[in-house]
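I have placed the structure first, in the form of structure tokens, so that the comments after it can refer back to it.
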Amino acid sequence: MSHNMELTMVKGNEALGEAAVRAGCRFFFGYPITPQSELPAYMARRMPEVGGTYLQAESEVAAINMVLGASAAGVRVMTSSSSPGYSLKQEGISYMIGSQLPAVVVNVMRGGPGLGNIQPAQGDYFQMVKGGGHGDYHMVVVAPSTVQELVNLTVLAFELADKYSNPVGIIADGLLGQTMEPVRFPEIMEDPGPEKKSFALTGARGRAKRIITSLELSPEALEKHNDKLQAKFAVMKQNEARWEEYKCEDAELVVVAFGTSARVARAAVDAARQLGLKVGMFRPITVWPFPSEALAALTERGVKRFLDVEMSAGQMIEDVQLSVLGKAKVEFYGRTGGIVPTPREILNEIQKVLGGETK
Amino acid sequence: MSHNMELTMVKGNEALGEAAVRAGCRFFFGYPITPQSELPAYMARRMPEVGGTYLQAESEVAAINMVLGASAAGVRVMTSSSSPGYSLKQEGISYMIGSQLPAVVVNVMRGGPGLGNIQPAQGDYFQMVKGGGHGDYHMVVVAPSTVQELVNLTVLAFELADKYSNPVGIIADGLLGQTMEPVRFPEIMEDPGPEKKSFALTGARGRAKRIITSLELSPEALEKHNDKLQAKFAVMKQNEARWEEYKCEDAELVVVAFGTSARVARAAVDAARQLGLKVGMFRPITVWPFPSEALAALTERGVKRFLDVEMSAGQMIEDVQLSVLGKAKVEFYGRTGGIVPTPREILNEIQKVLGGETK
Amino acid sequence: MSHNMELTMVKGNEALGEAAVRAGCRFFFGYPITPQSELPAYMARRMPEVGGTYLQAESEVAAINMVLGASAAGVRVMTSSSSPGYSLKQEGISYMIGSQLPAVVVNVMRGGPGLGNIQPAQGDYFQMVKGGGHGDYHMVVVAPSTVQELVNLTVLAFELADKYSNPVGIIADGLLGQTMEPVRFPEIMEDPGPEKKSFALTGARGRAKRIITSLELSPEALEKHNDKLQAKFAVMKQNEARWEEYKCEDAELVVVAFGTSARVARAAVDAARQLGLKVGMFRPITVWPFPSEALAALTERGVKRFLDVEMSAGQMIEDVQLSVLGKAKVEFYGRTGGIVPTPREILNEIQKVLGGETK
Amino acid sequence: MSHNMELTMVKGNEALGEAAVRAGCRFFFGYPITPQSELPAYMARRMPEVGGTYLQAESEVAAINMVLGASAAGVRVMTSSSSPGYSLKQEGISYMIGSQLPAVVVNVMRGGPGLGNIQPAQGDYFQMVKGGGHGDYHMVVVAPSTVQELVNLTVLAFELADKYSNPVGIIADGLLGQTMEPVRFPEIMEDPGPEKKSFALTGARGRAKRIITSLELSPEALEKHNDKLQAKFAVMKQNEARWEEYKCEDAELVVVAFGTSARVARAAVDAARQLGLKVGMFRPITVWPFPSEALAALTERGVKRFLDVEMSAGQMIEDVQLSVLGKAKVEFYGRTGGIVPTPREILNEIQKVLGGETK
């Protein structure tokens, strides 16, 4: 990705939108819901400027099905919502993965369950990572924690979606969407376009018909199709795990956090280091595939405790435990209801855990 | 539950419907989808006979919201669908849990992802157990493996839904729905009714208004609400785990399976025993709460290997691993696409695993 | 119709609902809109008391299609709306007439066009009488002008709907719906029921399948079907015209008005008579069939002028002119926007018209 | 309208679409229904070429409301459907007229009522001309009978829509839509655009908010609004009536017909003339306003009989009778079910009518 040299001050939600445009996205289907409404608003204005299409669908169910249709036509397409609206898209996401169609699907999470509130939260980890829809499936889910990363990972999301012919999720929250930071945008990229996509439905004049479907009535054919999907997921798992280690070299305690939680945790780690505590942070940049091996490797380098910090009642912690499988203790600290933990709170937890250890 | 003495031959789907009627369910909202359509068809005929209401909604999204409304009015209510239709209900389920409303939600799983096919499968474990919808939530999910158990667990589902003011899921598959077996039905029970439910919206003449909502705009209030929910989930986790152990006493290898897979695995275990192999089966009857302690206890009784068998690419295996946390090896055998494994296949896997062990 | 002797004070909207119940109506599908919402509210409460079904549909389009479905099952069914909602039912009404299905369809008119307001009006004459939907069709439309007539004509509407296997319309307005007058209700009648209806879809076990459709792909078959419908409409036109003549015996000027306008016009005629003016009133009780012959007959009895009074910009006036075809002058006085003319205004118009004549 | 010199062979449906494009139409919202599907198909392809937007709505109800929205934004917009779909648009049309918003609304009529069939018919005259929606309203409705006229009247429709800030209807049928004839298209015209439309909602930065609504809660305000609308309708009635007289100079019998019926009637008139019969044809080019004065004038020029010919059971005949008001006899010949009468049939009717006259 060749970056434009210029630094621009921009809000997270709009940075995400502009990054999508730079990545060649020319179709956006959505339905307004706080706290992501600035993103569709940006796209509504921006899409016509670049010859693209913005359509406010009649519901989130409609939006994801429009995404499916546009993707089948071979174009780069995105949709966005917040927690309740993302739930409504579960059927469509399963259809797209079954049909092997690329797209970028954004969830700017808010407090839940139910209507909840419009504050930042991370309670949709399970539905984005484990598969909120039906059937066996996976998709890469990127978890930005700065506005610049929002830009970079959005561009990456479009590339990986096309590379694997599979939707890619962006898991964000309202705080990141509202954060204003200087960013560098990449040059406008070309969507490779329908011509380069062997599946794209561009009309059948003079050639055999193409069919895109997730329907396979014969069990044998459907299992074969699933085997193919699973093989693809295995490649994704092998190649696409991304993470950041921060001051982990000599760490005895490692905080695990993603997105906004990680932003706060980093400050807590810095504060802990100032107190002389050997604390680091492990930040999954992709939450699927979860960087399990990298995390497990830390236990071999002497990490005895992990403190999993989430803006939820504890969801990613299952992936942390599945990674370390009993080789280290995993503690948890979480806030819900749209409350963002403070560095002070996390430092307290770190001290509590380390204190507990010394006993 | 006092059982009627009479044995009746009945199909699984219809047994589920009749059990719901016996449990006092008088409202059913659904939308047809194979392979569960016999259940709504049964309810369409049966509901008017008992003074109940059957309504075919205009979509699955509508159906789950009608369930929410009926539940808020204090009556026993059920909905049913199959995989894609269950995905469409994720938003509504999150709303009901956030609003603390009871209901029974059935998923007769079919092959996926996407449209997939109409054959039996177990690929919706994640969305039913981890939370396919948004926000932090849990619900009891029962996993019957015989028609009699379908009856008993349906009655239990209504009782637990009311007990915890929370939806309860029934995870089944098309094979169980089609299986015809002799069952005993319980006597018709009385729904305790709106009068006994402190939340029920039965009009406000002469008393203060009640409000049912999952909306809490203040983060503090929403976190407090979540703390209350989490405390309830903890009680459910503590009290409602159910499982069956089969020939586990001296087992070195234990097959873990639920529902239809467990039916087949039982036959494989019997065959293995005839060959002198020390094999047992552990069958979760509730998949949430997952009977983790009971499963972990087996490792202390000498079980060195688990063979997780699913009609999926491997989903429950995460809960098995989270239970044993590295204290035993966990192998996997799965079929997808609507294919039901045979006892012979599972026996082969058992032998392979045990053979592998001896080396 | 055998009347219960007891007089009850009741509002028009509720009288309509109770009359429907007495007429054997057991299914009501609607969607709320002022000024008819009291009618569905009454039905929501009353239907369960008599073992009937009330369902608030997701839209007026849904409601009329539910009416079609219930009617096809052979039961007495009603729907109700106000002007904009009635427009949404035009497609469904055309389908029901094409399919020869009975039902009672109520329009409690409000000010238009568009959203207009919620005051009483008569601006939907054209869409109810000429055919707001597509294709050649007619239906009897009754136009009550007192609460007792609302009761009687509602019962008649159900009888005529069944007699002709055709929807029957009730054209009313918000003022009549709100008027409280003493009425006598008839005894509860039995719906003849699906058994007596040769078309009713009551299942096909042991007999040939019945099909209800308005589809006839062959032009010859569709024309034959239309000939059959037209022959039925001709019988309706011949037999079902109803009207009232008031002080017409020696009248030189006859006011023509229906519904609430006629209520007011009657007072104006009385006032005119007190002034010695030879004025009468002709009130269509059915606006389709329009009592053309009876109205034309007045011209032979010396009536030289008609004053058509409507709460609209002039719609029924076309039927008045089509009746008298130039044999008398037809003047018009109308108010729109939900304004009900006063007797004084109409008397002024009468004097103006008569004064004009003497010159 | 300056015409391009070039003659092109083109089908009616496509000619309509291209004419709309030439007239500056850049937004099209529709839903497919035979026999007009070629028109949206053409627009789907053509709109992107001219920088316009084609959107297939989720229903006809949605389509007409999208038209309302686009029109409120000040652009030239069209929708199209066939009979059942046109019925679904009645509410929206009333809203647009109440809100004084321009648009072009096409009805390519098919056999009715109900589903009917997909053959050409004229049974929607009443719903297009008398007002199928609620409230007092009128709109100009043009009735082309050749492909060239389809082109010219489509352009005129956009001009009149803007001129009067009112929808304009195009009443056509499947035969005309399928007819292929050489036409000349006008040069591409500029939509005057939102800047020229005082109502257009183009944002409110730096100026007072504009509000577009058809809601007027006060009866006095709504009546005033209606008076304004009625005054506008009166101007339309005065100025926009269009018709063609064919061989009427010495005619004793005049055939009245529009659209496809008129095409056939013309041939019948020619055949009658060859037999020496004094027969002419009167063809309304606008069916609203109906050219009543011109038709009535014929009775003063010696026409004693009219033969109204329609592809319906008789709808326009009411306007013929309202025009001549008993001063001549009006006979009727109609075919329904999608049957187009032949010149031979109409000639027979002419002879029958004239024969009857001589007796």
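In order of appearance the chains are A, B, C and D, and numbering begins at 1 in each one.
Quick note on the criterion: a contact is a pair of C-beta atoms (placed from the backbone, for glycine too) under 8 Å apart; a residue touches a chain by one contact, two chains touch by 3 or more.
Worth saying up front: this structure is predicted, and the values here are computed from it rather than measured.
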| item | value |
| --- | --- |
| Contact-graph distance - origin chain B, target chain D | 2 |
| Partner chains that chain A and chain B have in common | none |
| Centroid-based (C-alpha) most distant chain relative to chain A | C |
| Centroid spacing, where centroids are CA-atom means, of chain C and chain D in whole angstrom | 29 |
| Chain B and chain C: spacing of chain centres that average the CA atoms, whole Å | 53 |
| Centre-of-Cα separation between chain C and chain A, whole angstrom | 59 |
| Junction residues of chain C, two or more chains touched | none |
| Chain contact graph, described as a line, ring, star, complete graph or other shape | ring |
| Complex interface listing, chain B residues touching chain C | 53, 55, 58, 62 |
| Chain D to chain C touching residues, read off their complex | 61, 83-88, 90-91, 94-99, 109, 111-119, 121, 123-124, 126-127, 130-137, 213-227, 229-230, 312-315, 318, 321-322, 325-327, 335-339 |
